[in-house]
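Below are two complexes that have subunit A in common, paired first with subunit B and then with subunit C.
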Partner chain A sequence: MTATEPVLQIEDLRVVFSERGVGKRPDVVAVDGVSMSIEAGEIVGLVGESGSGKTTLALATALLGRITDGRIWLAGESIVGISRSRMRRLRSLIQVVFQDPHGSLDPRQTVRKGLSELRSLHPDRTDWVTDVDLLGKVGLIEDLLDHLPHELSGGQAQRVSIARALLLRPSLLVADEPTSALDVSVQAQILNLLLQLRESEQIAVLLISHDLSVVRNLCDRVYVMKDGRVVEAGITEDLLASPSHPYTRELIAAIPGKDWDRSTLGVASGQSAGEVTR
Partner chain B sequence: MLGRMLTGAVSADRTTKGFAARNSSLWVMGLPLVLLGLIVLAAPLLPLADPGLQDLRGRLIPPIFLEGGTWEHPLGTDQLGRDLLARIIYGGRLTFVIAIAAVLVGSVFGTLLGMIAGYRRGWVDTVIARIVDAQLALPFILLAIAIIVSRGRSLAVLVAVLAIISWAQYARVIRAEALSLRERPFILGLRAAGASSMRIILRHIFPNVGGTVLVLATLEVGTMILAESALSFLGLGVVSPDISWGGMLAGGREFIQDAWWVVAFPGIAITFVVLSINLLGDALRARYDPRKRTYL
Partner chain C sequence: MEPLLSVRSLRVEATSSVGTIVAVDKFDLDIYPGDVLGLIGESGSGKTTAVRSLLGLTERNVRITDGSIYFQGEQVLGGGRNDLSRLRGRHVGMVFQNASSSLNPLLRINTQMRQVLKANRSDQTASDRATRIEEVISRMGFQDPGRVLRSYPHQLSGGMRQRAAIAIAIVSEPELVIADESTSALDVTTQAEVMALVRELATDMGHSLIYVTHDLLLAAEVCTRMAVMYGGEVVELGPTSEVVSSPHHPYTLGLLRSVPMWAKKAPLVGIDGTPPRVTPGFQGCRFASRCPHAVRECSVVDVEWTQTRSDHGSRCIQPEGAPLYSGG
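So, the complex of A and B:
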């Protein structure tokens, strides 16, 4: 991959859910012609209300969901018509972190077993980090390795999910509302962790959120989605300072306490995300 | 007991108290079955009469608590003078073996197909789901008669028939669980990491539907005993001299007016076992119910 290629580029992506048979409901166009590109090491926000197609788009970009139409390039390589094994390799370039931290881990598998299973999925690779180093990257101690998911706190489980995602050294992390199931202090820690990882791992992040203040503090660029379409996109500061689409203005108006202060989130306030949590 | 059942019913939640109560109820419900299983297994060691020994002069002797009963035949004898107690205990062996074998075969096939259908979706799902619907729509007696008449009567055929009757139940329930599991983040995460469908189904879906399979299988043992009894009663089941409870019912029904005990005791045995199994299954379900599922 050359430095100039975007890690992910999608063009004119459409996702349509349709039913078959008698008495079917009308088709639902969840994603309607979205184009987007993400450069290496960039944090890109994707905002919109519930049902605007954010998650469907996220799953499609991670090649986990249905794609009705459109083109996708991963690291400059089109995914149309490639072999299965190549697809599996390419797919690991994008990893996902989900909203529900406990749902992201198999309830019957310890942290250690889960990590070694991921390694066993890619027998041809040898560039593995050890479990301890990996947990260190997300600010966890190795004592947690033999814990089952229900023995972890929400914040710990989310860090483990991020660690699992990092193990495969993806170039893009799709984070679908990674903090909305966590309490506020833990939210700030996880967001700080994402910022740190961008620095230490040169990883790009697609951050999906309904919370514009989170996006403002974290993201370089932002896409605003409504009804399956991107209605506005641009550099975060510019877009929030002078929104051109009425929907964006609505979203901005809906933020409580509009006097943003980066320190209120704990982001960039010197609090360390790598701080060990028990 | 009553108090425990009441609290169990009221606090249908995941409190620690509920957990302890559920565990103790498992033991209470399981004990009669364990005892019965031990008796049936140890049958050759017990001081029982030969279950096949006929004594035409001692036909239809009443059980011990009726006039004319003797300790020699505590539950009386049947129309050929065979000891009923011995026949019930020996009959239990075959009944259990058939029921458990049928449940094993049915649950393995049903669970596997259900997981594949639910996880793969698409045309695979459509095909399996339609077969399940068709299977559940067929009256089982009719199907059993057709198969047994064409394939002949044998233990293997009987087990196969019972398994065919039951697999669709597992397939339907497990398909529904797999459908919901496949959208869970941890499954999506594994797919993103490059895990194959086979691995996800066997290593991740199966362990997470295991509790449900266990509950279903337990309940199905009771159903299988009833089905086997019904088939044997119709003369489609176990072949004499092998003994099963259903066969005993069928053999004794002509004498029900003069010697009710010949049918009553096998009937009571079936009722008792099926009831115990259903209670055990309910206790297991309380523990593994997906709606009350805790993380262990």
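So, the complex of A and C:
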């Protein structure tokens, strides 16, 4: 793999859900000809409303979902027609973090047990880090290793999900609304963790979100989806500053509190006492 | 001006197999006619328990153990009285988070509105009611109000259902409407439409409104005043512009620093730690364990409410918010 090779490249991806038999409903084209590429260490946003196809696309990129048509390259290697064992190996290059951490962790498994299961499935990819150091990377303390998911707060459980994803040293983390089930004070911690992991682990992130403010604060590039198609894509700042598609403009218009600005709130970090009292 | 609703030192306890927790404590609130108040808090802050208690809609294991409530000057709770259920529907309307589960799936919207009106306004004739239903539904921003009235909930989209739920809440002309996370389940563009309707509800239709939400920015858009809750207590209350521009309580500041803002790319700062479990013997400030400015005193003394201006106050022993800025 050369340095310029995208981590993930998708061309003309289509995902169609169809029913069989008598009285079937019409086919649903959930993803309709989407092309996308993600470079190493990039944070890419994918926005759109419910039903726009973003989760279907995410599952397809993680090689977990159905793919009707299209081409996918992972680290330069095409996944069409490869063997199952090769596929399994490639798949571990992409890890997914889901919206509800409590729903994605086995309720009867302690954190330690869950990690050891992953280690036994992928012995050669997981021996680079100890459990304790891994938890350290996501800001959790060792004590939590013997906790069951219900003993963790939402933020802790989401950190555990991220730790489990990291264990396989993925080159891409697909995060599907990773903070929408969390409180804002915790959301900030998790988003910061993603930023920090990009630096420390050189990991690329595909961040799926309905919150354009989150995307603006975090993502280098952004794709906007509607009705299964990418209607607009580009560098986050440029795209959000001058959106060309009416749907993007509509999304931006709907953001609450657009006029609030940290600098006018008197809460900008690093502001000195003098500036406030003046 | 006399308040429409006055709540004084409301305390609500919830008992489960693992013991008793104080869900709401020292809750004081005055709602005036035309008021639009945002009740802000994260999960577990007690915001939903507080407003549900106002309506007498608490679960069986939840008890109001102290406090008094006055509605239009008349005592409805405390002093041996509990007339909260009398207020519900007729004087206080409620819009819940998930309209799909608060609407009756087996009845047309029209029927549901008629039933509510019949139960609350026995003074009206059948034709009065029909007129009122037409009038309310036509203000909800539907393209075809008639079709909505004839529809069952499953025939409506999420945004339409939420607007129908709002119509049901206000059809009996309640003086106060409580909306609990009424737009959180909706897509952003739909959310904006419903929020516009909620705002109109307060400004044009003259209802007082308590908007319960975890979303500070959303509340800041709609509400003229904000009450921030933490650990069952109101920790700060003031005009929206004051609360966001010069927050007095470290928790409010922490929330403001946590919210990804549109206007300016700035580093997000979360709040470390998790909220405490507040048991009946809990001492000191509830935020002390997470507060970057806490001093030894904070976890010992019973923190009193301090009114720094006539309309802005907080529950912090350093009420001017001075230390907030010293550490950056």
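Here is the rule we go by: the second predicted complex is superposed on the first by the 255 of 278 C-alpha atoms of A that agree within 3 Å, B and C clash if a C-alpha of one lies under 4 Å from a C-alpha of the other, contacts with A are read in each partner's own complex, and residues count from 1 in each chain.
The working rule: contacts are C-beta pairs under 8 Å (C-beta built on N, C-alpha and C of every residue); 3 or more make two chains touch, one makes a residue touch a chain.
For clarity, every value in this text was computed on a predicted model and none was experimentally measured.
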First, second, both or neither for A:Leu64, with subunit B first and subunit C second: first
Which partner, subunit B or subunit C, touches more subunit A residues: C
Partner chain in contact with A:Arg89 - subunit B first, subunit C second, else both or neither: first
Touched partner set for A:Pro149, first subunit B, second subunit C, both or neither: first
Subunit B versus subunit C as contact partner of A:Val186, first or second or both or neither: second
First, second, both or neither for A:Arg125, with subunit B first and subunit C second: neither
Contacts of A:Arg249 with subunit B and subunit C, given as first, second, both or neither: neither
Which superposed partner A:Ser104 touches (first subunit B, second subunit C, both, neither): first
Footprint overlap on subunit A, comparing subunit B with subunit C: none
Contacting residues of subunit C [partner subunit A, same complex]: 42-43, 187-189, 191-192, 195, 214-218, 220-221, 244-247, 253-272, 274, 322, 325-326, 328
Subunit A residues touching subunit C - in the complex, by the definition given at the top: 49-50, 153-155, 183-189, 191-192, 210-214, 216-218, 250-251, 253-273, 276
Complex contacts: residues of subunit B adjacent to subunit A: 184-186, 188-195, 199, 203-204, 207-208, 294-296
Contacting residues of subunit A [partner subunit B, same complex]: 59, 62-64, 88-89, 91-92, 94-96, 98-100, 102-109, 117-118, 121-122, 148-150, 161, 164-165, 168
